[in-house]
Amino acid sequence: MSQAGYMNNYLLRSSGVLLFLTLWETAPRLAWLDPYFVPPLSVVVAEIGLLLGTGDLPIHLLVSSWRGVTGLFLALLIALPLGVILGRWLTGLADALDPLLRVLSQVNPFALLPLFLLFFGIGETAKVAVVTWVTLWPILFYTITATRTVDPLQIKSAAALGVTRSQMLCKVILPAAVPTIFIGIRIGASLTFFILIAAEMLGAGSGLGWLVHNSAMNYLIPRIYAGATFIILLGFLLNRFLLYLEKSLFAWQEYPASWTTAGEIRPYVWRPGKGAAIAGAATLSVILILGACEVRKLNQEAMAGAGGSSGHAKHFGTPVESGSGGF
Amino acid sequence: MGKNTVRKAGVILLFLALWELAPLIGLVDPVFIPRFSGVVQTILELYKTGEFVQHTRISLLRAFTGLATAVVIGLPLGLLLGGWFPRIRQATEPLMELFAVANPVILAHIIIFFLGIGESAKTFIIAWLCVWPIIFSTITGIRTADESLLKAARSLGLGRWQLFRLVVLPSAAPSLFTGLRLAAGYAFIMLIAAEMMGAGSGLGWFVLQSQENYHVLRLFAGATVITFLAVLTDVSIKLLQNRFAFWNGGPAENVLEQGRWMA
Amino acid sequence: MARDADVPQQIQTDAKIVVKGITSVFHLKKTRTTPAGEFIALNDINLEVRKGEFLVLVGPSGCGKSTLLDILAGLAHPTSGGVYIDGKKVTGPALDRGIVLQGYALFPWRTVRQNVEFGLEIKKVPKQERAAISDNFIHLVGLDGFADRFPHELSGGMKQRVAIARALAYDPEVLLMDEPFAAVDAQTRESLQDELLRIWEATGKTILFVTHSIEEAVFLGDRVAVLTPNPGTLREIVKIDLPRPRHNSDTRSSAEFGWIRRKIWELLQNAPSDARPHPNAVPVADAISPTAAL
């Protein structure tokens, strides 16, 4: 495609978004829409800037990220080994378990949330548990499929060299399965983001979802829009980033496992090296460590604010004090 | 095949037996995880009093209205964008991608400015979540129709409408069904969320009420019925798919893999 | 039929490879269209291959030639009989045999160099040495400059060269090739055959090559073992007296070449009438892969 064609295509593709943003700005200004209920784009952007400036948005972002990343890690910890075992060694068991796993994966996360709130109180555990539950299934299913469908020819040619079991796992099965597993992780991450924001609206005192919920309770309309826009943008970027990572990490694939309709023009593909891996690991650790501190601080504040009597602390398997009389 | 089915059923029975026995022998606290038989009994009692029938009917109606709205909007839109207006599709695709990412739970706070807290807001947010997989899978289905198949059909002198009805639609059908299945799943997820956020009836409201009153048996009863309904819906659509679009799993599965509607 | 316990662990022989009384029977499960039963893939095969010889197994699909190769590779076990390399019984896969398969079977996440080095990694050869060896073999198969490419960036013929380099790199004495050129186009195929002969002459490996193409068999082999299906039986071993080197010459168009090709063709045609493949047998045999359990 020529340079001009490339530009034209780019313009065409952005035209829809640009038109929408223009409408968002002009419609309230021209009073086609009530500017009280629909603040113009510029007002919302200014509000986002304000929230970023006061540090509200970064803190809630950190808290939400911590919850998401923790849940995701827990899900990986459970689903990856289980998936490899079921996909590679206990295939008969995997077949027998399939319907049960499908039914369990259909358990509604929102129906589960009250259950977890009951088990764990409204501390962090309930939210992290819901996130883990939701993320677990795509990762597990994709890991089973991935390890099960490794090209038998590749296995055969490695087996002909007399490789040991662990060599077969590390040098053939896992590298072959990783792209498909990554799709599971990407879907899991998307689900995490979706469920987490919702969970934070139903039972939390912090996080991005709570920020929007709280604004709505207080009729801070520009703040609702600011929070919502920020969350949508974040979700969009997260999704795009993971897709991009997938393409660049697994560029060796003959048929990339996911080829979205959006990817008509294949851009230059960056291949992540050691530096990128270190940066990624560092970001995750920062989220985990700083997030944990922040979450702890916020929960302590919330507890102090509530007088500590309403049982908002974490409970592992012990009944919530104020509720035990109800049974 | 028969042996396999028996084994699969056996695993499910084993799970239910475990659910029954674990609280009984004190493996888990029966206050938090009641026995399966207790849950079944509660479901039956609630059924007898008519309470459950009422909530289930309301919930199903809401889910169905939302899903139907999504199909009525998404299917024609997907067909038009995928088949006839490629330039409009290109122009709107990034915007749709953004919209698909927009979490309806958050949108709910904005929607109620326009629609109030009533049924239409619930229908809207359910439909909002369901419409994107339908649109995207329809577009994918239409666009991935085999070129050589189309050529062969055109060479037979098929008209536009015939081409669409006899070639394009059947080859897009597997993808359409996959989108529908995804959407039905989302309808249930969103339904419960919507009923928890602001409703006075429905299974989601029932479950939340039970939690707030620490009524664990009713909570489990509600969650079990919701799961049962979701599985039932999924299985029925899968059966429909096997009946009407049995010939291909191909590109349709990619839609499942995309998962980009939600981020 | 000899029981497995009667098969000696070691035999006295000068031959590189000895195939002794190999019989392989598959038990077929009952399916919707076929009853349960037995399928004899190989029936009492006896064969000797000299050191440095190029032996070709030729036969139609379903004659068990790939099964025989799998047994030689140690990937499948015969129902009875044994395979000996340097007089020692084969009990499983090992690095004394290299294998090249029809579908390339390259690891797509590894570059050409990393693919070639795979066996060396298994052998725990130090990194420095690995690089020198892989350079050498990448050069041998004519892929200089492609060492850091990924398989998806190569043509089918190039991929097969990588597969050959990978099988040679850890220096096995025997090279087992299962229809390696079946997936490439006709022209590439001929040039790969030329290339293979050149590599064989340069390395002096013992090669056992499976194909269903009579021309390929005649062009490559010192001897051609003709197998007929149902049950897989070794019909005859034909000695190919065409002069070497055969690559870069007019071997393929010589009268002698045509004469031998015709002879093998007749051998395959005139299989005993009761040995005609059963209508169900061919697809069934194709469907069974002894490595499926791996």
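Per-chain residue numbering starts at 1, and chain names A, B and C are given in the order in which the chains are listed.
The rule we apply is simple: a residue touches a chain if its C-beta (ideal position, glycine included) is under 8 Å from a C-beta of that chain, and two chains touch if they have at least 3 such contacts.
This one's a predicted model, so the numbers in the text were calculated from it and none came from an experiment.
In terms of inter-chain touching, the protein chains here are arranged end to end in an open line. Comparing the CA-atom centres of all chains against that of chain B, the greatest distance is found for C. Two chain pairs are in question, A-C and A-B; the one with more C-beta pairs in contact is A-B.
In terms of their C-alpha centroids, the spacing between chain B and chain C amounts to 52 Å. Taking each chain's centre as the average of its CA atoms, chain A and chain C sit 49 Å apart. Averaged C-alpha coordinates put the centre of chain A at 20 Å from the centre of chain B. Contact with two or more other chains is made by no residue of chain B. Residues of chain C touching chain A in their complex: 73-75, 92-95, 97-99, 101, 103-105, 107-110, 118-119, 121-122, 150-152, 163, 170, 176, 289, 291-292, 294. For chain A in complex with chain C, the touching residues are 151-163, 167, 171-172, 175-176, 178, 250-254.
Against chain A, in their complex, chain B makes its touches with residues 4, 7-8, 10-12, 15, 29, 31-32, 87, 90-98, 101-103, 105-107, 109-110, 113-114, 136, 139-140, 143, 185, 188-189, 192-193, 196-197, 203-204, 207-208, 210-211, 213-216, 219-220, 222-223, 226-227, 230-231, 234, 254, 257-260, 262-263.
Chain A contributes residues 9, 12-17, 20, 37-38, 95-100, 102-103, 106-115, 117-119, 138, 183, 186-187, 189-191, 193-194, 197-198, 201-202, 209, 212-213, 215-216, 221, 224-225, 227-228, 231-232, 235-236, 238-239, 243, 257-262, 317, 319-320, 323, 326-327 to its touches with chain B in the complex.
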